[in-house]
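The data blocks that follow each hold one structure.
In the two complexes that follow, chain A is the common piece, with chain B as its partner first and chain C second.
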Partner chain A sequence: MNIRKILTLSKKEWLEIWRDRVYFTMAFIFPFVMMMVLGFGMSFDVEKMPFVIVDYDQSDLSREYSHKFISSRYFDYKGHLKKASDADELIAKADIRFLLVIPPEFSKNLKQGKPAQVQTQIDGQFTYRASMVKGYVSAITAHFNSELTQDWFAKKRGISKQELQAMLAPVTLQTHYLYNNELKSIWSTGTGMIMLVMLVAPAMLAALGVVREKESGSIFNIYASTVTPAEFITGKILPYILISYINISILSLAAVLLFEAPFKGELSLLMVSNLLYVASAAAIGLVISTFVKSQAAAALIAMIGTMIPAMMYSGLMMPVASMAAEAKIEAHAFPAMYQLEILWGTYLKGQGWQELWPNLFVITGFLLLYWGVAVLRFHKRVKA
Partner chain B sequence: MDFAVQANQVCKRYRKKTAIEDISVDVRTGEIYGLIGPDGAGKSSLMQCISGVLTYDSGEIHVFGQCIDSEKTAEKIKHRIGFMPQGLGLNLYPDLSIEENIDFFANLRGVSAELLTQRKEMLLSVAKLTSFKTRAMKNLSGGMKQKLGLICTLIHQPELIILDEPTTGVDPISRRDFWEMLNRLVMEEGMTALVSTAYMDEASRFHRLSVMHQGKVLEQGSADEIVSKSPGWVVEIETTQPDQVLATLRTQFEIVEQLGQMVRLVAFGQDKNTIESILKNLLNSEELQWHFLPIGLEEFFIQRLKNHSATAEKQLQKQPDLISKSHAKNNTADTSALIKADKLVRRFGNFTAADQVSFEVRPGEIFGLLGANGAGKSTVIKMLTGILPPSEGAGFVANQNMAHSGMAIKESIGYMSQAFSLYLDLTVLENIKLFGRIYGLTGQKLKERIDWVIKIGHLQSVQNETAGSLPMGKRQRLALGCALIHQPKVLFLDEPTSGVDPIGRAEFWRILVRLASDLGVAILITTHYMLEAEHCHRLALMQAGKIVAYDTPYALKQSLKQRKGQVLSFKVTHPYRALSCLEKAGYQDISLFGNRLQLFSKEVKDVSNNVINILKNNQIEVKDTMVLQPSLEDVFVDKIETALAKHELS
Partner chain C sequence: MNWLWWRRIFALTQKELLQFSRDLILVVATIYFFTGEVYIAGKGVSLELVKAPIGYMDHDQSLASREWLNKLRPPYFDVKGQITEQSTALKLLDSSQLLGVIDIPPNFQRDLLNGRPTEIGFQLDGSNVVLGNLANSYTGLANAYFNQEWMLKQMKVTPAQALEVPRVDVRQMILFNPEGNNAWFMSISEMMTVMTMLSLFLTAAIVVKEKERGTIEQLSIAPLTPLQILLPKILAVELILLCGIALSIFVVLLPVFKVPFQGSFFLFFLVSAVYVYAVSGLGLFIATISKNLAQVMIISILLLMPIILLSGAFTPPEAMPEWEQALIWLSPLYYYINMGYGIILKGSGLEIIWQNLLALFALGTVLFLFGIRQFKKQFGA
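== the complex of A and B ==
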């Protein structure tokens, strides 16, 4: 490998990107916009669900029950309606996500010691959200039930509420969430987005960089010259690594500043791993470029080929441990999972070199593998 | 004899298509070898195989004695060759300046810093590009891009340079400059050059060449040798009544065609005196003037292919008496201009693409708009068809201002370009039907027009084949037919014959001539081929947005003849040495064409004797001497040079 030739290639590539202002701007704006859109858009929190109440009973008890919902931080109370059918349009227009119906005989039944039925109608389009809402509604209802029971016992037996509570619910649960104390999903997805975006963007840029030359015909300069495939691939990838490293550093900072995620671990580890990760992502792009001839195909394949594994098989959407066997293999065969472990480890868990050094080795391994495949697949004497 | 390239029975197939078949080519060291042929002849594939950037299926290629049969063996010769792929400036980097482009190529090739400085300076000055060093490549003219491409290919002092269609798409003067530069460098550096071209008239630039067609070599040797295999003459006859002369000559000669105000006759296998006496018998020699030209490669190519395939011959023989009487129009009544450009100006930002362009095209007239890529031809056509509003001036079609005329007038325009949008997956018939429906034709009328298009384009035998499977020539005729489906009065043709082989072009022009003469269609055509320009009744040459010449081909050539004289052409034994001897002796503007030297002269006899003497004193033998009429290309080089000189003065 001749260093001068590599640097010549890199310099030319850099000048071309730098002077093509549209391309240059896109190279920086695209990852940032993608991170913002996906980070804020892919929140899994079920909070402030808008809802309305139809109270046919209009009693103290029904108001007390309603109040439990109105005061919850998970729900956003939008008002009372006269009859249940009025809510149809609101649900259809997605102005509210569910509706709570309290029947006319609610308090009468309860006071007579009979069971009373309440109804909730939930927008079931997103099953995850619907089951979360159902869970909250059930929990509030259960809590209301136990309060009623406690009141009844307190009146009957004349013992204090505290004593009653100890008798009826001897086990109380104290929950403490580790790593993401407030259970804010943006802390996790937001930092995870760095892994996703910085796999897609470098791969696309690098793939386009090579295929652009194939389309214009300037690739023949390389074919007809004495440059070796290794020199070409290396010279070509360096500017894209530089651009992508600047990008991933911006995004890493944005996670803290804009998503308000904490950073608890070792910064030096993250900085090293970021570099290796964007390099291996760019190398994926070069591998892709050896298969295709048009820029459209390169962009599409780079996009899909990196987005799907990074989204589905990295542990971002679902923990790797709970994946099916084949999916697990897929997850381990891609650098995304290892980088996600590093990101979550450094941001949320406060980890550093001691815990995460093996991941660096794996990512370096992927980088060398992809680089090698690209070099072996790049031929200077082509078939067509 | 040392060989730079020896290719032996090389075959290359892409999935379905055979690109080259059993081709054998030997290139000697120190010569300029040409591959000449239309698009799809296999020139690019062969050059890429020789450069070691493309695999081939069978046969053997040796470059400097090294067999090229794998990626590894190909690497061994790459430091000795320079390869410039097809497409004007496409292998250069648009955002990099001239100097940065050169530096990139040099560093890629590991050229040392001192050598780079020295060679860069030398090459830039030969190419006259030194003062544009810092200009970005994307802002260069076609001719400059072409020269920069050559510099980048030469920067590492290769022993063999392989140039794929370096002269396509540039103006005649840039082409001439390019050949001068190449001649000089090949001579000075002792290089070998393998160059391809689609222009048959460039054949004389090569020492030896291969004429290629559809993946095969038709002939090999020097241009003179090849042409001498079918000896004969071309006679151009000036006349005011081409129809009559044409009819008379047809009785005696096989190949006669009308070119504007001129009849051109090609006679193979007859000597000058025989032809002269036949002409004297047939024509009134006092009224008519004619002159003899040697057979060119284009005529040879057509003749050779005629013998090659019987079907092609049949097609050429069949004269299109196909324009039905019902559509024939009386074109004598109305002679006011159908197309009129009135001081058209178009600016893009502070760049003026068209500057005060004025001309007229009358019914039945074929008008040629010529110029290099980027000279402003397409801009003018766009303004005349109402696609682009002019910044100043106006374009008229049938007296309607195209800037704000309705759809009605646009429907009387037919438009066809090289990139004409035929639907390649539809059959010929489906394509015609589709275009007919787009123009609102239905029922019996549509059927009539479809029959007419098929007849005029000779497409009977391929009606149900997909457009994509047709050869270029037939595809262009189909495109022309589709442009004519709604019987337009005005026809705009933007480089319609680019890349079509000479037979296809001849056939295409035969249709155009009939359209103009029988139907009175006004035709505006742009072309790169000088021989096609001769077909036009009138010509306008554009240079940097301006019209620099506007007249009939005959008048243009006559005025040049009066100013600069005739062309003397000498075939010599040592062309490079002969050139420098003559330059030392004070002769200027000598052009080198392979083994021939050409110069203008008013006193043909004196200059001729003088040149022969000078060369004889230097032990150079003059094998033959010819006196030629100035060609249209000479006219254009002269006009553009004058325009450039004026530009520099102001």
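== the complex of A and C ==
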């Protein structure tokens, strides 16, 4: 490999990118916009679920019970309805997400010490949100029940409420969220987006860079020159690594400044791993470019080939530990998972070289692997 | 608009379809998007708490503490075992081998018996917010059940007498998707996202390809109006994508995920056709501002992102910040998602979705006229 040849090739590539102003501007705007939109847009916070109440009982007790829902910050009370069937259309149109029905005789049953049945109807469209609503409803009801039981015993056995409380101290569960104290989804998804965006963008840019030359025919100059495949691939990739490294640095900073995520770990580790990660992402793009002939196909395949592993198999949406066996294999076969561990490790968990150095190793391994495949697949002879 | 007019349209549509069918990779990619991608989305992501690995530090080792731990049940939790040191717990949490660690204080049972309030600590990995939320909610519930049972036991209420205690039972009904099958939601969502992406990209790509190769000049000197040049392209995209969505529904959604298709197929295809029309206007616009396919791709994705995120495909409108809620009506996908879920899962008919359909049609027409105008300007026809 001749360093001068590589640098000349890189310079040529850089000039080409620089002169296509739309492409050049997009190369910088695209990752940033993608990260902003995804980071701010994908929220898993479950709050303000719109709901209505149908209260057939209209008693003090039923009002007390409903009030627990109305005052909860998780729910957004939209009013009372006369009949449960009135809610059908509201649910079908997704104006409300659930309906609470309190039956007649609710307070009568409770006052006689009998169970009373209330009913909820939850919109199951967003499965995760439906199960959260279910959980909140059960928790609110359980809380209401223990108050009921206390009142009941106080009355039945003639003990005062204070005495009773002394006998029946409840266990409180104190949850401490590690790494993300307020459970802000933007801290996790926002920093995770760096991994997603910077796998997709470099791969796509690099793939288009080579295929553009194939389409316009200028690649024949390379075929006819003395440049070896290894030199070509390396020279081609360098400008994209440079652009992507600037991008990933901007995004890493944006996570702290705009998403207000904390940074607790070692910065030097992140800076090194960012470089290796964008390089391996660009190398994926080069591998793709050796398979396709048209820019459209290159862009599509680069999208599919990077977006899916980064979104589905990196641990961003579900932890690798609870994946099915095939999904686990796919997760380990891409650098995305390792980079996500580094990102969450350095931003949220306060980790550094000591814990995360093996990940760097693996990402470097991927980089060499992709680079090798691209070099091997790049033929200077056109297939007849 | 006579017979000749329509024949020209027909001939050009045929040409577009032929051209598409000869780009093998594009065909394969399209088929893949409608089948493989939808399949992976349905299969791959689970937003449920399944066998979450939980460890515990039981400093009390009493009957009560064991009873409490017993409340953490499968399928939600997988209780791994006892940890003695806090440092080990942190290490296991750091390396994501455990999702959470329960910390039961010493004298837990004694305090409970003496009526002193006790506190159980729960260290929970919050880096995955979905799991964090779910795990917290389920453990909170387990704790509530424990309290209820403990209270009854303390008051020496036997199970038979327990019936004599007032209690609210909640019968929770999850509508449209009673088993909480996440695959339905994800696969339908993905299918619609694929529709959006391809109707944007294919339309733009078909037009720009002609620009790149210069064949657009041939078309513009032919006796054709801009509408006659563009309409066949959009018709071709319509046909390709409706076939694609049929593929998705009949090959993936129904047989693999057993999605219960409640509404009418005809209505769904009609809505999809209107949707492709609406988005293709944007595609035309992209084609007029870009010079080559690389630019098309990048601009498509840039436009695609806000369309998808504002649509409520990932986050329902009520959970968005207010400025975002004010913008959702701009996303054509918002209407499509509403109608699509309505028809497929809720069995909505035209009488429920007509407002959405009308809004989508209106938005589409605006985009379409805008696209054609840009095109006319560029080619001066």
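Here, the second predicted complex is superposed on the first by the 367 of 384 C-alpha atoms of A that agree within 3 Å, B and C clash if a C-alpha of one lies under 4 Å from a C-alpha of the other, contacts with A are read in each partner's own complex, and residues count from 1 in each chain.
The definition used in the following text is that a contact is a pair of C-beta atoms (placed from the backbone, for glycine too) under 8 Å apart; a residue touches a chain by one contact, two chains touch by 3 or more.
Note that the structure is a prediction, hence the values are computed from the model and not measured.
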- Query: First (chain B), second (chain C), both or neither: which does A:Lys12 touch?
  - Reply: first
- Message: Output check: A:His176 vs chain B and chain C. Expected answer is one of first, second, both, neither. What do you get?
- Response: second
- Partner chain in contact with A:Lys83 - chain B first, chain C second, else both or neither: neither
- Message: Can you tell me whether chain B or chain C touches more residues on chain A?
- Response: C
- Message: I'd like to know which partner A:Thr127 touches here: chain B for first, chain C for second, both or neither.
- Response: second
- Message: Under the stated touch criterion, which partner chain does A:Tyr223 make contact with: chain B (first), chain C (second), both, or neither?
- Response: first
- Message: Output check: A:Lys380 vs chain B and chain C. Expected answer is one of first, second, both, neither. What do you get?
- Response: first
- Item | Of chain A, residues touching chain B in the complex | 2, 4-5, 8-9, 11-12, 15-16, 19-20, 216-218, 220-227, 379-384
- Query: Inside the complex, what are the residues of chain A that reach chain C?
  - Reply: 22-23, 26, 29-30, 33-34, 37-38, 40-50, 65, 76, 89, 91-94, 97, 109-132, 134-139, 141-146, 148-150, 152-153, 157, 165-181, 183-185, 188-189, 204, 208, 212, 292-297, 299-301, 303-304, 308, 312-313, 315, 317-322, 324, 327, 341, 344-345, 348-349, 351, 355
- Interfacial residue positions of chain C with respect to chain A in the complex: 23, 25-26, 29, 32-33, 37, 40-41, 43-48, 50-53, 68, 93-97, 99, 111-112, 115-134, 136-141, 143-148, 150-152, 154-155, 163-178, 180-182, 184-185, 201, 205, 209, 290-299, 301-302, 305-306, 309-310, 314-316, 318-321, 324, 338, 341-342, 345-346, 348, 352
- Of all residues in chain B, which touch chain A in the complex? 14-15, 48, 51-55, 70-71, 74-75, 78-79, 81-83, 85-87, 90-93, 95-96, 100, 104-105, 107-110, 136, 152
